[in-house]
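Shared between the two complexes below is chain A, which has chain B as its partner in the first and chain C in the second.
Entry: the complex of A and B
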């Protein structure tokens, strides 16, 4: 078989798989729109195959890659029907991300992306993949990936705030604005991160921690990569910068809960925070920046009533204990972090629901009390009759973290495990969605009268 | 190890050249092209114009927040960020020639309107038709 004939056959196979798996509705969101989008992509591939010059090797390779990409996409969408992820969290997460992920163009209607969700093996699977701008398609598709083992761990899922940052960074208008803010206030004024050369000087400096020097030495011995080609042959400077940016976005979207999930998850595979990675800057550096950002936002100064204040104090004490004390990591001054945070906050505030709201007085206390009583934390109480109120799902999660820090959950008699707290919060999010529906319907009925 | 490599070098320039040629044909002979065949190429060109307008060419798929590849798991092809350089230069030259005297924002907006109309099978004015034909012909010629 000639290469083009093989590809024509593979395109037919793909059509068969597409019809078999996505033609009929399944899952929460239905698959019709995915089916139509995949059909459009496949139709384009088929029309390319009709006019392709078999001798044009570059185009043949390009179409082969398009077929591969579409095949992977269809199989991923198919797997999302397994539903092995926390759908109550996903539904709320989609709600707060909807506006920020919608592409507004000067010409034509807004472009709302299609989102599908899957579970994968391994902690490192946490991510949101967005179609690159170069991807062939009519409509952008986002894929949210959760680790299968953490299906119910809604407290940790706040890490996806970071991933929203990557997803929206693919939207050209947003990328232009975020670059403008981030380069002006965070990158360019920084003595070290202003360019690759100064980062390399810092990395290979004599006062770098011993473990860092050891890793750099290993890179040199095993792969012949040294200071001259660190950012050419191994790491990506642009990716490192983007990681800092996305950390800020995650913090602004999910508040203190993001910081707790971020530090727990990142240190789990890099306990000292000093590992050298190609796409990610040092964990210790990222954590130090985020802790300063949390201080700038005043999160650690929020005052709660005495039922939970000591748990809140312990929550922050644990977090600040994760600050890397070696001054080598303190390269971003507080003033620069403050300016960056303020500008990013101002920008994110233009998207409804994107910013983490400060909890109302007494809100967290009530939710934590419910968790300690082993009840799902929701805006409901019986006080001369049933009383329901709106609660943002991010406050339920924050309450979960505070309950986890509460001393009573550690003693044998009243012990509640981290896993149990997550399950309670997941149920709380699910029940709160029903309360929201009920309250919204009630408001509609009142207005129509 | 997989039986074949999934890595392929970036070929965006050649792809946009083909799409620009399609857009040129679509502008001068709209009846000769079927809507469906052109919809994705036209959308691709639209996205390219958006990247150009906001100077937002960072378009590589990133790895997940916890996918911390260390020095011992080195990749053989670091992320390349130069894919757009020749394309951006071709766009600069073509815009200067076809939309001479207009600001970048204004020129991109006019061309995006043309692409939107073409994609929705709407009639172009004579001026828009000339602009589209000139732009996409020159752009495809400027690309390698």
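Entry: the complex of A and C
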């Protein structure tokens, strides 16, 4: 079969499979927008196949890639099942990332991405697949992936703030702005990370930790990769830089909860923080940077009511205990982290809902008290009648982390497990959605009077 | 045993009784609180079991028992604004939206709201909520009518009234908090009909595998 004929056949297969996806309803928004978007893309592909020059290898490869990408997208959607991920968390997450993920174009109206959610894989599955940068359809489709086993673990889902960083980095205008901030204030001024050569010198320096030297040695023996081709044959310098950036974005979007989730998840598979990865810098380096960034943002200086201040202190004590003390990891001065985080914060503040807001006075205390009382944390209390209030779901999650640090949850008689705290917080986020519906409806009725 | 009046309920809500969240003061009646539908529905699957068998609850961990329990109900997440159709003759388990925490001296009694009953929706709930209970309340909904009923999370389907217990001062140890099998539930779970009744259930012989 000739390549173009094969691709024409495959395009018909895609249509068939796409139609079959309508056997089920996917996700909260249903299937209509996704189906129509995929049909639009398939129509574009088919029209290209009609006029394609079979001898133009480059174009044939491009169309084949488009078919492949669309096929993968459709298959992912088939695995989207509402019962396998935390829809209350997803709805709130979509709300805060909607504006930052909206694509502003030179021509045409802004494009709000379509978001789908699937659950698969293990602890390292958290990701957001975004469309490749090609004008194929009307809207980008972002697919958020949650680890299947962590469905209810909303405290850990804050790691998705990092994944938002990757997703928006694919938007050309945003990428330009982020590069401008990050390269200017974080990368270029740094003696080590300013370019690949200096990073390699640092990696292979004599004062690198013994385990790091051991890993590099192993890389040489097993794969013949040495200092000369470390970034050529193994790791990606650009990916490493992007990881630092996405960590900052995650911290700005989710606050202290992101830091807690980040350290727990990353250190769970890399306890010493010195594992060498092709697309991620050292865990220890990332955590050290984030701890400094949290200090710069003043997160650890917030004062709470004495009921929970001790738990807050323990929360930060546990986090700072994860700082790697080997000075080899401290290569980014506080001033540079401060400059970078402040500029990023200023940029993210232009997107409604993106920045983690400082909790209101008494807010976290009330939420933590509910959790310790084994009730879902929500903006509700009963005084002279029921009183409901708006609470950002990120505060519910932060309260969860503080409750987890509270010593009463570790005492046998009053023990609340991490799993239970996550369930309570997830339940709280769901209930808070009902409060939001009620309050918004009340406001509409008041305005219309 | 007397039911709490509205004033008494409100007083307890300010102190040791939790029904959270109460979205609207209209939920408070003269002697009860309306309860809303939550966001999960579990429907017994037709054909999943040939009959309800108490002995199946005795072996909890082998493949067949676990499979039977997992496939017994079909579970649906119903976010706010999405409808669920309850067909005639169907039995659905739904949680309340509200989280309830009862102090040790109060018992809850859950009944249907009559407006729904007139549409054919019967709430055959486990009507007693024990003192000390905390969690969602499972509503067992049956459509006794002839046409499907659309259910939406957030709608007020049931109501709970509260009764003060007469405690025994000489034997306070017996009047401790609730320790039942449905402690701190976030969604409906199938009960264990064989719990503590093993001596009445004959042991089923295990299937012997034939060796070829």
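Things worth noting here:
The working rule: the second predicted complex is superposed on the first by the 413 of 449 C-alpha atoms of A that agree within 3 Å, B and C clash if a C-alpha of one lies under 4 Å from a C-alpha of the other, contacts with A are read in each partner's own complex, and residues count from 1 in each chain.
Here is the rule we go by: a residue touches a chain if its C-beta (ideal position, glycine included) is under 8 Å from a C-beta of that chain, and two chains touch if they have at least 3 such contacts.
The structure displayed is predicted, hence computed values, not measured ones.
Look at chain A after the overlay: chain B and chain C fit there side by side.
Of the two partner chains, chain C is the only one touched by A:87; chain B is not.
By the touch criterion defined above, A:279 reaches chain B but does not reach chain C.
Applying the stated contact rule after C-alpha superposition, one finds that A:170 touches chain B and leaves chain C untouched. Of the two partner chains, neither chain B nor chain C is touched by A:191. Residue contacts after overlaying the shared chain place A:444 against neither chain B nor chain C. In the superposed model, A:427 makes contact with chain C only, not with chain B.
Our angle of interest has its tip at the CA centre of chain A and reaches the CA centres of chain B and chain C; in the overlay it is 130°, to the nearest 10.
Chain A has more of its residues touched by B than by the other of chain B and chain C. Here the smallest spacing between CA atoms of chain B and those of chain C, following superposition, is 27 Å.
Chain A residues in contact with chain B (one complex) as well as with chain C (other complex) do not exist. Chain A makes touch with chain B in their complex at residues 40-41, 43-44, 47, 58-59, 61-62, 65, 68, 105-108, 123-127, 129, 132-134, 136-138, 145, 159, 162-163, 166, 169-170, 172-173, 175-177, 179, 215, 218-219, 222-223, 225, 232-236, 238-239, 242, 246, 265-266, 269-270, 275-280, 283. In the complex of the two chains, the chain A residues touching chain C come out as 28, 82-83, 87-88, 91, 370, 373-376, 378, 380, 382-383, 385-386, 388, 420, 423, 427, 430-431, 433-435, 437-438.
Looking at the complex, you find that chain C touches chain A at residues 10, 13-14, 18, 20-25, 27, 36, 39, 75-77, 79-80, 82, 97, 99, 101, 134, 153-154, 184, 186. Looking at the complex, you find that chain B touches chain A at residues 6, 8, 11-12, 14-15, 18, 36-37, 39-41, 43-44, 46-48, 50-51, 53-56, 58-72, 74-75, 78-79, 81, 109, 112-113, 115-116.
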